[in-house]
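Next up, some structures in structure tokens.
In the two assemblies presented below, subunit A is common to both, partnered first by subunit B and then by subunit C.
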Partner chain A sequence: MVCSAFVRRASTAINIIPTGPRTRRSVKIATGRKVAIKKIKVGQFKDGLDMSAIREVKFLRELKHQNVIELLDVFSSKKNLNLVLEFLDTDLELVIKDRSLVFLPADIKSWMAMTFRGLEFCHRNFILHRDLKPNNLLIAANGQLKIADFGLARDFADPGYKMTCQVITRWYRPPELLFGCRYYSTAVDIWSVGCIFAELMLRTPYLPGETDMDQLKTIFRALGTPTEDDWPGHTKLPDYVPVGQFAKTPFRDLFTAASSDCLNLLGKCLIYDPRRRISAKDALNHPYFFALPYPTHPSKLPKPAKKEDAVPLEEVDGNVDQNGSGPGVKANQPNNKLKRKHSSDELGSRPVARRLDFTKS
Partner chain B sequence: MSTSLYPLASLAQVEKTPSREDGIPEELELDLRAFGCKLIYEAGVLLRQKQVAVATAQILFQRFWYVTSMKQFGIGDIGMGALYLASKLEECPVRMRDLINVYDLLLQRTAHRVKYPPEASAGPEFKYVPMSYVGSTFYDLKDALVVAEMQILKRLGFNVHVVLPYGSLVNYLRLLGLTEREDVSSKAWGYLNDARVSLLQTPVYALYAVPTIVSAAILLATRQLGIALPSSPEACWWELFDADWEDVWSVAGYTMRLYRERSPDDQARLLRLVSKKGIRSWLEENAPTTSKS
Partner chain C sequence: MTMASASEPPQASSSTQHSLYEGSTQYLHWRFSPEQLGRMRHTLNEDAVSAIRNAFESDSLGSSTSVSFLSADEEHLLVKLYVGKISQLCGHFRFPEEVEATAASYMKRFYLKNTVMDWHPKNVMLTALFLATKTTNHPISLESYAAHIPRTVPSDVLDLEFLVAQSLGFDFAVWHPHRALWGIWLDVQNIPDASIEELSRAYEAAVGHVRAARLTDAEFIYTPSQIALACFSIASPTLASAWAHAKFPSSPRPPVLEVLDPIKTLILRDGSPPDVEAVREVDRRLRLCKNPEKIPGSNAYIKKQQEKERKADEKRRRKAEAVRIAMEDGDPFGNELAKKAAAADLDDDDDDD
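Let's turn to the complex of A and B:
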């Protein structure tokens, strides 16, 4: 099954360190480059390869951008599929949670710019990410932010082709999906980015609903219940239920220190009507990114102090279950056989997938 | 996608496919490829699968035989695996049991047709005998399916990027001013996509770029309908689409080959060779003659 959790080991050792069934293991390979290996178990009695594994391979093979995680190689050993990904130090969630760090408005602007750049690239290539959250925005040693975990991604469907609405971790899920909308587009990712934007300023999740119903209530409490003018036709969505009337809390009351440009962009990301929500491309051209203060250079962004073995495995496990709402997070494998350490020589001689001899056209 | 090119077979792979290296003659290999694709197509129809998934499956299937010999894997298993994988890639997964049942039915039906050719009209009507629900047949096929799916991915280097020709066809026809002629559109579409004979049943998708293939479909359609297109030097219509005449002609040749009449014996032989076991025993029987010739 898929590991949706990242365990990063600041390992300087040459050995692969087995850390559990659904972990990323960092390895130092012959080139000296540190990589992360995402191990995917192929279920014996399941339906062959997992959809999320296939999606991840399919999309990451094609996407190359400085703000999207790079898939270096794929190989399979007996029962596993292994994705070799570039090694990244930390993720935005850990940065947000680290209370010792202070964010300047310029820092937030920098992270947002990188997120939008990566997302714009995905959207330009007709790919929806469908699981954006701080935890999936990884940060490299040089401070570059990279979008990761394409296990729920898919290419846009033809208009009129149904897609599932059971995607995106609940706190970042837009209202149209909560209402069961089966036809949607890039706007779903933008809503998630809006939630992340707010979270960067608040340092705590902006819309933490406990159930899908509660999520709607939380959204409406923060942004006001939409009227037919705000969002034409929303009452006709398949799972529409009235959840009560709430008045909008002005952004200004909550985000006291933010500039007006900043709140304008945030507001445009969190527009109820998906058709009017800002696109990633327009967001990049928003005055917010051109106003002072300019975005911090990635290498100067705050990051958690380096600790060896920063994340104990148990904590990651708990963390995953807590977010367990989307279909992508159902991984929970009992098969916890810890192998003895492999030496790096063994890695080299392991039967690696035969490279395809196809020449590029 | 803009960022990556889709893979084509190298010259060495085309000159000597792994199957030919194992002693399978070229004609037979092409027939088996076509038969495998036909099975995928029919299974797709019975499963009501989306056309894009079926086409993707056939292209992956054709590519696969440039890196693997038919002695190692049967066309039945790989066809099933390709359809299963392509369905996931195109976000319309099928159930394993459905897929396996459909393949079982198709093979039984083909066997029946070979035994009692429809022209003879003397044979009994075809009756499908379902496999036993608890028997091992299903589980054996299921295991083979899982292996096939993984092997396709692995041997193609996890590169499953496929470009389908349909969009290009529409644009090219529009450019040539042929959209008014419905017969041209439907003929050309048929060459891309027909059940009996289509370009998908030939290896061309692993050999030539999509514009060349689409040009060949247009060439076949217009020739058949007697429509003249500008074809003298300096104004050759295929040059608009970056296609070479030689290549277009060769793609058309691959298609026409499918029309060659097969004797019932040939068809019976194909059916026997759907599994790798069949191929192996055929190779043993025919080994002395092939080495002599």
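Let's turn to the complex of A and C:
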């Protein structure tokens, strides 16, 4: 056993708190800090420790940032690899889907700032996340957003070395990957962030394609079919197929209440040419983040009402779920009735009650 | 094993003031002084010898007196030989330099925590290399890996994988001098008046020195960029100095040049493969002083396994008892169980395998 004193305490924990279906279990350790333990079974794969576990451990061991989930420790028990992660209450997908919550422009700005900060740190460390989507952005009790699930992450390849284009969940996948591009960069993650940005405003996925081909069509319908000027060379990409001519829908038509700074940044995240797409660092310096309203303090951000604790202990190991939302640490889907009741209380305490729902416009 | 990152200071706020390297696990967990390295290896060796001596004695009394155990230096010699063999194997598989360098680091780190008398470096080498292919994103199937290595079956590689990963503290990411050297190579091409022939000759020679440095303790003591510049400086002191002056135009004597001499000495002194005859003698003695508890079939091994099983049984029994009592109390998650569990040092990870 290579467990440190820290984990010894965890494994003799006195209080086992049931958590959601994919977070294995959470335990309170002697320090009083709640942690989540993600268990990865070893020995069921013919090639030993599997790649997604290795990637997750490798990158999370190196990354320490307030907007990246913290891997507190790794220990083994028999033939299991256990990742001790900080415990996080919920994720951005649950927040977006919770219809009882009202988002203010300042709230969206706050989530975007935290996402870009975490992502800038990953990119500064030469790491591509390659699976950004709302339910991989977890939310701590204090409101801090944390990038999680590094099962598809990798270091930047050297120039001239191929990478797989089969990454990133379809709705958040950039057009260059859909065209089979094998040489790509941090711009792939930025596209995903752009999609998340739009989703925060729309409260529904922005580009929900049904197949990979349909995904391209969906993108072009929203943003217009790219011309050679928009994106030089894209017709030469390995899997390029013409999917029809569509005109761009002006952002203004869809995002009626957004500020022009906001739409400007959104547009820069969704530029077709990956070389011209904005970087995480430049995004953080974008006027959007310096204009009024200032980002909401994380602790004041809307979040789903606390779930009841009395759900039975459930647990699934970390390897099974590749297609779903991916292994991450998250709470149970909150009970709907309860949620409504609680969150209406919460609503009252928030200063503004203007509802920013763009779905009906 | 020090892997509780919980005790480390939070890095988040400092990340902008420090270099990225200072946030790496390599900087935090795998940096030592030469004296520390010597002490660690010495202590490790002493503890191993006394443990193995006990194992021999408990098997049959007085049997350890005739055994000549390996010294820390002899262990180190053997490890060095197999670190060198990694590069042969990588040539055979045509693995990229990244895989080779990573495997060598894994191997050297492993033997800062383990003794060759417990785990033979040949097996550890095969596992370290296989693990490195995966952690550097160049995975190959275990079957084809094992098929290309004589007298090796997949289980030989896999059996130690978890042990190796644990010994590394799961610090899979390694920063290498050859990457830093590549950066220097790109930089020096901007130096005016240097002929490209001269530059590429120096670079090629430096690459050789970086490979030699892998056989030494340099990576535990210095940063990858220091090692890279030292290697470049062995190849061409003038170009190395020109590079440093171009990097630090305002200082007449760039401080980075001051640290190069001890690194160069270290690489030139320790950077060649060990004498095969000397190692053969060590390996022959290793066969006689291997930890009997790690040799399947030996009395000590069987005894150890039985002891393990007895303990596991005991644990299961205690646990079942605790659960039974709790059920009788009608509250499976009650405080009673929790207290008993804590008292019995109950490991709740074992119940659902």
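Here, the second predicted complex is superposed on the first by the 283 of 361 C-alpha atoms of A that agree within 3 Å, B and C clash if a C-alpha of one lies under 4 Å from a C-alpha of the other, contacts with A are read in each partner's own complex, and residues count from 1 in each chain.
Everything that follows uses one rule, which is that contacts are C-beta pairs under 8 Å (C-beta built on N, C-alpha and C of every residue); 3 or more make two chains touch, one makes a residue touch a chain.
Because the structure is a prediction, the values reported are computed rather than measured.
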Looking at the overlay, does A:210 come into contact with subunit B only (first), subunit C only (second), both, or neither? neither
Contact-wise, after the overlay, does A:42 reach subunit B, subunit C, both or neither (first, second, both, neither)? both
Counting only touches as set out at the top, which of subunit B and subunit C does A:61 meet: first, second, both, neither? both
Return first, second, both or neither, reflecting whether A:239 touches subunit B, subunit C, both chains, or no partner chain. neither
Specify the partner with more touching residues on subunit A, choosing between subunit B and subunit C. C
With the two structures laid over each other on chain A, which partner does A:77 touch: subunit B (first), subunit C (second), both, or neither? second
Taking the superposition on A as described, I'd like to know which of subunit B and subunit C A:51 touches: first, second, both or neither. both
Do any residues of subunit A touch both subunit B and subunit C, and if so, which are they? 42, 47-49, 51, 54, 57-58, 61-62, 64, 74, 76, 81, 125, 154-155
Note: in the complex, subunit A contacts subunit C through residues 2, 4-7, 11-12, 14-16, 39, 42, 46-49, 51, 54, 57-59, 61-62, 64-66, 71-74, 76-82, 121, 124-125, 154-155, 315
In their complex, what parts of subunit A are in touch with subunit B? 42, 44, 47-49, 51, 54, 57-58, 61-64, 74, 76, 81, 125-126, 154-155, 157, 163, 353-361
Inside the complex, what are the residues of subunit C that reach subunit A? 1-7, 10-13, 15, 20, 23-25, 130-131, 134-135, 137, 139, 141-143, 154, 157-158, 161-162, 165-167, 169-173, 333, 338-339, 341-342, 345-350, 352-353
Show me the residue ranges of subunit B that touch subunit A in the complex, using the header's touch definition. 1-10, 12-13, 63, 66-67, 84-85, 88-89, 91, 93, 95-96, 145-146, 149-150, 153-161, 209
